[in-house]
Amino acid sequence: MTAVLIVALVTGAILFGIGVYGALSQTNLVMIMMGVELMLAGAMVNLVAFWRFLHPEAYSGQMFVLVVMTVMALEMAVGFGVAIARFRVKGSVEMEEAEDLKG
Amino acid sequence: MTLLEQYRLLLALAIGVVGSVFCLYSLARAIGLTRQEPGKDVPASSGALSRDPVWGRYHARYYGYGLLFLAFDMEMAFMYPWAVVYKEVGLVALLDMGVFLAILFLGLLYGWSQGAFRRQ
Amino acid sequence: MSFDSAINITGARQKRPSVLQKLVSRALARNLGCLIVPGPEIALAHGLDVTAAGMRTSTTPRDASVLMIVGELSEKMGDAVAVLYAQMPRPRAILIVGGQTPSTLPGADISAGLSQKGLTEAVVRLQRAFADGAFVASPEAFDADVLHAKIEYVCPMHPEIVEDEPGSCPKCGMDLVAREAGESTPDHDHEHQHHGHKHDHEHEHEHCHDQDHKGHHEHHHGHDHEHSNEHQQEHAHENAAAEYTCPMHPEIVRDEPGSCPKCGMDLVAREDAEDEGASEEGSGHGHNHQHSESDHHSEHEHSGHDHGEHDHGGHKHGGHDHGASGFMSMIEVTKDLPRSADGLQMDWLEVPFGPVFPGLPGGLKLTLTLDGDGVTEGQATSLAGMTIEVEEGEESEEIDVETFIDHLATAMPLAPVSYRLLACLAIEQAAGLNDDQATTQARNGGLERERIASHLGWLAQLGRQLGFAWLTQRASTLQLQVREANRYRLAELEPALRTLGTRLGRTPLLKSRLKDIGELSSEFSDLRGPLARAASEGGDAWARLWQRLAEITASLDLIKASSEPALPSLRDIGDLSGTGEVTVDTPRGEARLSLKLERGKVKSYKLDTPCSHHIDLVPKLVEGQELGDALLAVGSLDLSPWEVIS
Amino acid sequence: MYAQAFFVAVFGLAAIGFGVVVFRTSSMVRSALALLFSQTAVGCMFLAMQTEFLGVLQIMMMATEMSIMAIFMVMFMMDPGGLGGMDMSHQKRFSIGAGVSAAVVAIAVALLSDWGPAAKQVVDAEAQTRALGMELLGRSMMIFETAGITILTAMIAATAVAIPVQNLASKRAKEASE
Amino acid sequence: MTVASVLLALLGSTWLLAVIEGWMTTGRLSPAAPLFSGLAHLGRESILPRSPDRVFFEAAPVLLLVVGVLGMAVLPLAPDLIIADLGTGALFINAALAYVLVAVIMAGWGPDGAYAMIGGWRFLGQLIAYSMLIVMPITAVAMRAESLLNTAIVGSQAGLWNIVYQPLGFVLFFIAAMALAFRAPFDLPTAEGELGGGVDAEYTGVRLAVLRLARLTLVVTLASATTVFYLGGWHGPLLPPWAWSLVKTLAVAVSMLLVGHYLPRIREADLMRWCWILGIPLALVNIIVVGLLILVVP
């Protein structure tokens, strides 16, 4: 029984790790967002596994996943908005070229 | 059927469809192979042989809609569970969702006023 | 009907032992899709109904098994036809209706006369040919010059130097680089064509190689404190910096050698003149935190070849900033690109539409520069138009009048009656003949009937463009019926024609689709015919649609009032000499012909057609439009590529 | 139950595989669609864990969202076709280290913790959706409404940042400059 | 057994639809035409474009077909004639059909041809337009049925079909379904007059056959979904339930083809503007009206 939980948690951890790698290693804003998406996906896997195997009666667990999904979508919407604005001004969304965003 | 049996059935169905398509492909291969000839593999462009790759930065003119869609799309994640219990909960549910949708609708109106609903 | 005993098709497939082949061949024979060249509107104008003959019309070569060529093709169309034929999947066949096989194609499988009966017979024979010969033991190969990429060698610094052989530039001594010859040099020698593919592969190879070099370069530029010697090296390198640009895509500018992201060609060095500001922008502290992970790479690995190029390239010493950051700078890619209206700089694509494009009249080649699905600029050329030598010298040959009339009428397949009439009138005027009431009436009847048919053809074309299947079917059927109808038959068809107009008026979406598309106000002086008449009522595609529908009705009334429509034939003119200049209102606008008659022969002539003027409107109409709107605007002009005179 | 573990593992592997492809391919559309299929596999994992509503929702939302991501990738990457095969990454070692250590720590936590007894059964999908709906309208109502506000904020932020202002003043300024 | 009957029904409907489509374009009604056309496609070469994204190019038609079949699998033809009666069936069909977009983008990007690529990206715009109009009407349907089970949705229409109960939702859903199936007048990604075939343009031979089959399957699936959500599914007098389902499905599918036959293609800018400025508010109105109806009428 817990085997499934462990498998899910390990998968979530690996997805999270890939996401961390992507977010740190990519130079492009959009690619960085992909890393973040993967990290969130890993987190969601964990959340669902916890809900299913530890507290299937507590639906706030599912609610949490819904909120994470919303965050994912909103992160993308705002991220793309910034990307468009940046591209319009500077002609690039490479983060290495984004000195002014680093402050 | 339990949940997992249903999913297994759907998965098997998908794999079955892919399998039958592959059977069809091998049948077609049995009939004959494609003969390599000059010009044949160039993407058709109405009589002109344009060989340049087209994979460039494509200007999607609908990105204004796209941004709003990304956000607005999330609304339905909340709407489906709401719809299922709507009758049971009654007026409170209507008011709840009314407030939620009104908030989102404000966002749409803002987008509209700023010119997100046009070809950029 | 007698069949040749064994018909094979030139585009048969390789035979493989298979039980299915017999069955499949039969199915193929019953399912012939034909791609009509130059276009379905020509077939209709000649009165050919492909569907009735038993084939289905395909709009793309990929879905066709029969290439049907209607009428004579110009030389330029020959190349296009070869490309289309090459892109059709085997088994495929060529059907020639009323013309010669273009030199670029293998011989026709079936030839037929220019009539529905001929076509039907030909289709029956084709079906038989497909059933018998879709699979043969050794099918003929198909090849044509136009299908090969021509490689030419250019100097990256001096674009005017174009050689057929690799070598060095006579001006600066740089190595010439290979590129695919573009359409700008169509008359280029074909010597290297057969190496085309091989060359591509070599290129790919080199290009992988180059990626490696680029990688090593990258590490060079990391400001890494652990590698202070590397730092020095970097400075040394920077002093020798030059810009690298792609010979084919001048907008690609890099600080390091490498390959072009668009075409994969090697970048070549060039003197960097004005990139100070831009690379300033791209540089800076960005690469400070770029840790070098490349200890295992040899830091000194860049190729001598690159350095060699620097030397040739004539670089600028000193004063160069730290522009070369570790990665390719996107800013540098985009800074010189033109901007769209919303301020984003994207890659613009030059896409050919035509000469055989389902939404445009066949023979018209529209080249659009696309920014996304918006058009930034466009150019239309006719590949089918007639060329007239205008020199009125004494040496020009005299043409027999009848030949001249036939020549003019066959050269304009979309409006043969009008041009026949134009020629007749001009000759008669030159001969000094007076108008004869009865003949004029009959001729006008013929002209008006052609106007109706022509406008119906345009409606069918509009339907094709809009994916409006009902309109295409209805208008084509009516066009075929009107084409040779007598007065009685036309009176019978009148209710159907009027209903067509009402139906179109009631069609939802049509108005929103056509309104404000391709606006041409009356201030354009070049407008003729329906375009000019529609200009006063909005001048958009919607107004043109209603103008043409109104003209159909008006022509019906005119025919009712006149006598039986007849093909104009020349009255006896004798051996007179003189000059004549007449104007006829063809379906597409006023055409003017002036000619000089000497002893009953046409000495010289000058033809002015509406489409020669209308085609110049295209760039203005398409600029800044959405792709579909731009095509619709061009379509609403009702251009006939044959009537474009160059 | 082994079947359940098997399917979770298979889809988990698929998610990881596609996740790796995201950062290893140079074609941007491939990269975006790999992320899409990675998310789809995550959704399938949800299904395998009998969390049907969330799974199906994940599968659906990600298809559209990641496709939109694909077009933005194509718009803003230098070489969306990956024809040049260029490398768009930096500080690789550090990132790999960070990624691996994050994963290792999380795995260690997962393996070493005592999760206690796992729930044997869950209610069916129909009841789950219903319960989620009651949760939405009951205890989590404020979360739900807050999500609404957040979505509104994101919409306004994205629009305000991305859409060029085309009011009269700027138009006039543009004309004047031309 | 159930699987076989549903697949058979799907295949049969697709075949009938192909016959009718052929009738509309050639004017000849020949029942064997789809068979011959399929065989002919088998006999033609299937060309791979040069240096394409081969994974995408190959996957697109298959994915489209899988999506169509999976969508059909969760729709009931009769109370017990359903492959998988998922607890979130109404949502699942949405999820499956979202992959139509993925398939079209793959088909567009794969061959590296300009027409196909523009077609693929155009369809993404089309999705942004129609997507909410698929989702929100289904919500209203689920409100009435108090369930996402497709069988429960049909069951809720025993007395009154949803087309009468929420006609606005039906109209929006029907339009959006046509846009999803990218049939005329919403055939923007495959527009012949504008893109010379668009995403279909590079497919030949057996791949084209699969693509065409998939597109027709998609129409049948969407018609079946319309039947389940709005036309009372298997409800009807005299005929057995499955027959009613099939008759209604075919009627909807044919009407989709017919509507396309008599309309010009819509402009993408118009489609998007109308869907967002008119469609979404109307869908919201539909939800509120249905909500009030549910509360007021017991």
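Letters A, B, C, D and E mark the chains as written, and numbering starts fresh at 1 in each.
One rule holds for everything that comes next: a contact is a pair of C-beta atoms (placed from the backbone, for glycine too) under 8 Å apart; a residue touches a chain by one contact, two chains touch by 3 or more.
Protein names from UniProt, one per chain: A = NADH-quinone oxidoreductase subunit K; B = NADH-quinone oxidoreductase subunit; C = Ni,Fe-hydrogenase III large subunit; D = NADH-quinone oxidoreductase subunit J; E = NADH dehydrogenase subunit H.
Small disclaimer: the values here were computed from a predicted structure and weren't measured.
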If a chain touches chain C and chain D alike, it appears here: A, B, E
Chains touching both chain C and chain E: B, D
Most central chain, Cα average position: B
Farthest chain relative to chain D (centres taken as mean CA coordinates): C
Maximum inter-chain contact count - chain pair: A-D
Cα-centroid distance, chain A relative to chain D, in whole angstrom: 6
Length of the line joining the C-alpha centres of chain B and chain E, rounded to whole Å: 13
Whole-Å gap separating chain B and chain D, where each centre is the average of the chain's CA atoms: 15
Approximate Å spacing (C-alpha centroids) for the pair chain D, chain E: 26
Contacts with two or more other chains, residues of chain C listed in rising order: 13, 20-21, 24, 60, 62, 87, 89-90, 262-263, 287, 290, 326-327, 330, 333, 342-344, 346, 349, 351, 353, 357-358, 372-373, 626
Sequence positions of chain B contacting 2 or more other chains: 3, 7, 27, 31-35, 40, 42, 44-46, 50, 53-61, 63, 66-74, 77-78, 80, 83-86, 108, 119-120
Multi-partner residues of chain D (each touching 2 or more other chains): 4, 27, 50, 52-53, 57, 61, 64-65, 68, 71-72, 74-78, 81, 83, 88, 90-92, 94, 124-125, 128-129, 132, 134-136, 144, 147, 151, 154-155, 158-160, 162, 164
In contact (per the touch rule at the top): chain pairs: A-B, A-C, A-D, B-C, B-D, B-E, C-D, C-E, D-E
Interfacial residue positions of chain A with respect to chain D in the complex: 1-22, 24-31, 33-35, 37-38, 41-42, 44-45, 48-49, 51-56, 59-60, 62-63, 65-67, 69-70, 72-74, 76-78, 80-85, 87-88, 93, 96
Residues of chain B that touch chain D when the two form their complex: 3-4, 7, 53, 55-60, 63-64, 66-75, 77-78, 80-86, 89, 92-93, 96, 99-100, 103-104, 106-108, 110-111, 114-116, 120
In the complex, chain D residues that touch chain A: 1-2, 4-5, 8-9, 12-13, 15-16, 19-20, 22-23, 31-32, 35, 38-39, 42, 45-46, 49-51, 53-54, 57-58, 61, 65-66, 68-69, 72-73, 75-77, 88-92, 94-96, 98-100, 102-104, 106-107, 110-111, 115-123, 128, 131-132, 134-136, 139-140, 143-144, 147, 150-151, 154-155, 157-162, 164
Contact set on chain E toward chain D in their complex: 53, 55-56, 86-88, 91-92, 94-95, 98-99, 101-102, 105-106, 109, 112, 121, 124, 127-128, 131, 147-149
Of chain B, residues touching chain A in the complex: 63, 66-68, 70-71, 73-74, 77-78
